[in-house]
Amino acid sequence: MEVTVHRVAYFNAAHRLFRADWDEAKNVEVFGKCSNPNYHGHNYELVVSVTGEIDSETGFVMDLKVLKKLIKSEIEEVLDHKNLNLQIPTFSTTNPTAENISIFIWDRLRKFIPTHLKLAVTLYETPRNYVTYHGK
Amino acid sequence: MEVTVHRVAYFNAAHRLFRADWDEAKNVEVFGKCSNPNYHGHNYELVVSVTGEIDSETGFVMDLKVLKKLIKSEIEEVLDHKNLNLQIPTFSTTNPTAENISIFIWDRLRKFIPTHLKLAVTLYETPRNYVTYHGK
Amino acid sequence: MEVTVHRVAYFNAAHRLFRADWDEAKNVEVFGKCSNPNYHGHNYELVVSVTGEIDSETGFVMDLKVLKKLIKSEIEEVLDHKNLNLQIPTFSTTNPTAENISIFIWDRLRKFIPTHLKLAVTLYETPRNYVTYHGK
Amino acid sequence: MEVTVHRVAYFNAAHRLFRADWDEAKNVEVFGKCSNPNYHGHNYELVVSVTGEIDSETGFVMDLKVLKKLIKSEIEEVLDHKNLNLQIPTFSTTNPTAENISIFIWDRLRKFIPTHLKLAVTLYETPRNYVTYHGK
Amino acid sequence: MEVTVHRVAYFNAAHRLFRADWDEAKNVEVFGKCSNPNYHGHNYELVVSVTGEIDSETGFVMDLKVLKKLIKSEIEEVLDHKNLNLQIPTFSTTNPTAENISIFIWDRLRKFIPTHLKLAVTLYETPRNYVTYHGK
Amino acid sequence: MEVTVHRVAYFNAAHRLFRADWDEAKNVEVFGKCSNPNYHGHNYELVVSVTGEIDSETGFVMDLKVLKKLIKSEIEEVLDHKNLNLQIPTFSTTNPTAENISIFIWDRLRKFIPTHLKLAVTLYETPRNYVTYHGK
């Protein structure tokens, strides 16, 4: 009996879509206003989904108090109120699209989630633009 | 052409996370404030999802008026404004975690859903904590 | 590394559930108040989900600016502020249930989405009634 | 100690913005696509707000069970799944803008709300367009 | 230039509507299923609104970091995961309706909000039932 | 018969809370992580509320198509995907708190709203932190 448990979290960050190996004109052509060199920002909403068998002793797939703390230490404290391009080393060379941020988050969380549990993340850049990554 | 139809419902209930075979200290250690012996409560939000072929005559996978009545009689009238631990026999011995409540709901609905249709339930305990169960 | 990108859109339309080959009594019996001959209407909310590999150059699965324009030209400009039964030829003979509208939308979008990408649509008829179609 | 109690309700309806004493060109010029002669529709969301002293015996300003029934009989059963222009006599001569519908609702409810209580209504035509009327 | 700043918070609690000086039949007659002797519960959502002049030095009416901490210590730590009737002395004698809980919250916060600022609270018992109290 | 019409809009921007006449330590002490010199950002949600008599000819307080265009040209095109501190001259000297941004928006819109109509703005910096300004 596999169940998925979901936990929602939030962080606010600045970013720009940008490739250093492209000139400004090319960045604007491809990324439009999202490439503003002065940055813009978002209230990111994150859903972390963990799937597995229910532990018969606790009735939990995974204790959400534990998952909440993990998201706080590994994601919120790292990304909240940051400039993703300037302050997160991965995004000095990787374009911080919602797709790439979702993979960054999945990779950080994966190593702390017990291996018998599956992991997926959904990341809202805005209420109308969001992505889902299942790690494969 | 398989389509999934989803119907959203609500119920408000009290519960506590608790194992009778553990002492109070152990219950608090594992379940924290969710184990308050005086109970706390939630506005549960339920999404019932039914998947199958569209009936060519009606254009429905399943008539949502029928599904709405079924959720009302089998879930809302049973769980709404109840104390899950004290008033739902299953939860006198099974810990009423969101995981276990979702299985309880799935089991109750499954016997009324035509067998050629698949069933899944998503249960929000809070807007930030929720679970999904597909019945396998 | 497959990621799904989602884009949300809206349109407002009138419709009735109705089969021309059934008499009024039969339409009311099956479709209830949804069959009102004078029509009623909804604020439809649409989620278009596109799944595929991330383009290593842009960091996008699909440029959401492109998807947004596609939804605007192919769906919003076609369905918004329309009477589905009277003004959309498909629905002069097909009952405009949420199921059938989701297939109509999927079919229109599919021919514009690159073939290596998967497509799914979720259509909310109301916040409590919605459908999902993956095209198979 | 004055408190306001709010109750939320929903109805789905078709309408068009239209003045019979204007020709089609003038209606389109002023009301745009909202004047489509075939109608379009909305999921209207209604918030009914009642303000007054708390009854010291019950702890209620007004019993929300009573308010819920009143909204059901006076508003939902009258407007839900209707064509406002064709089926609500007021709107055969009054343009069914959100402003005018909010006054219609306020007028219908006012006569059933005890006179020592104040009444206001908020009506969402869409999540982005809504109106508030306090009855003066 | 008066501005209102709003801060949203959450707490989950059990309660029942009940007067000890009424017998069970009378409690059920007036409060219906909300009077279940075994309690039920809610995810309460609280909006705290503070109105005043903007401080020209900080650009704040009131530092929301301070307001957030105040709501946490005075409201969340007091009410979250509690049984309001059994564990909050006020509600051993006062019926814990949303109206009365909103006054309880307002009274607790008022003494910590600078006197030149106005205070209001909005309390959602469910997404469809809520109350507003301005303290007069 | 005064009615208020509300229109919702969105813009995404970067900012930092900061006073140039304070040193970094003082900025951090007062504004915390909101003062990050590399900026962070938000999805701002704006509600523009216009109050007045209903025009008896159109049934509108103010044509929302006109208000929508006005918000687009005066607010969205000015603030969306911008760095408020660096690109909006007002905020090179005024701290871009939600309070001050709401006044900036009100001032820009006020000159385009007919003088017999009242104006208010509500600005969400996050779903949990927002402000309201009525222009006095």
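By written order: A, B, C, D, E and F. Residues from 1 in each chain.
We take it that a residue touches a chain if its C-beta (ideal position, glycine included) is under 8 Å from a C-beta of that chain, and two chains touch if they have at least 3 such contacts.
What you are looking at is a predicted structure, and each value in this text was computed from that prediction instead of being measured.
Trainee: Which chains are in contact with both chain C and chain E?
Mentor: B, D
Trainee: For the interface formed by A-C, which of the candidate pairs B-C, C-D or B-E is equivalent, sharing more than half of the contact pairs by residue number?
Mentor: B-C
Trainee: Greatest Cα-centroid separation from chain A: which chain?
Mentor: The chain farthest from chain A, judged by C-alpha centres, is D.
Trainee: Copies chain E, chain F: same or different interface, half of numbers shared as the threshold?
Mentor: The interface is built from different residue numbers on each side, given that under half of them are used by both copies.
Trainee: Would you kindly tell me how far, in whole Å, the mean C-alpha position of chain D lies from that of chain B?
Mentor: 34
Trainee: Cα centroid separation between chain A and chain F, in whole Å?
Mentor: One centre to the other, that is 28 Å.
Trainee: Report, in whole Å, the distance between the mean C-alpha point of chain A and the mean C-alpha point of chain D.
Mentor: 41
Trainee: Could you pull out the residues of chain D that touch at least 2 other chains?
Mentor: 127
Trainee: For this structure, give each pair of chains that are touching.
Mentor: In this structure, the chains touch in these pairs: A-B, A-C, A-F, B-C, B-E, C-D, D-E, D-F, E-F.
Trainee: How about chain A: which of its residues touch chain F in the complex?
Mentor: Residues 10, 12-15, 33-34, 36, 38-43, 80-83, 86-87, 126-127.
Trainee: In their shared complex, at which residues does chain B touch chain C?
Mentor: 1-9, 49, 54, 57-61, 63-65
Trainee: Which residues of chain B touch chain A in the complex?
Mentor: Residues in contact with chain A: 17, 19, 30-32, 94-100, 102-103, 127-134, 136.
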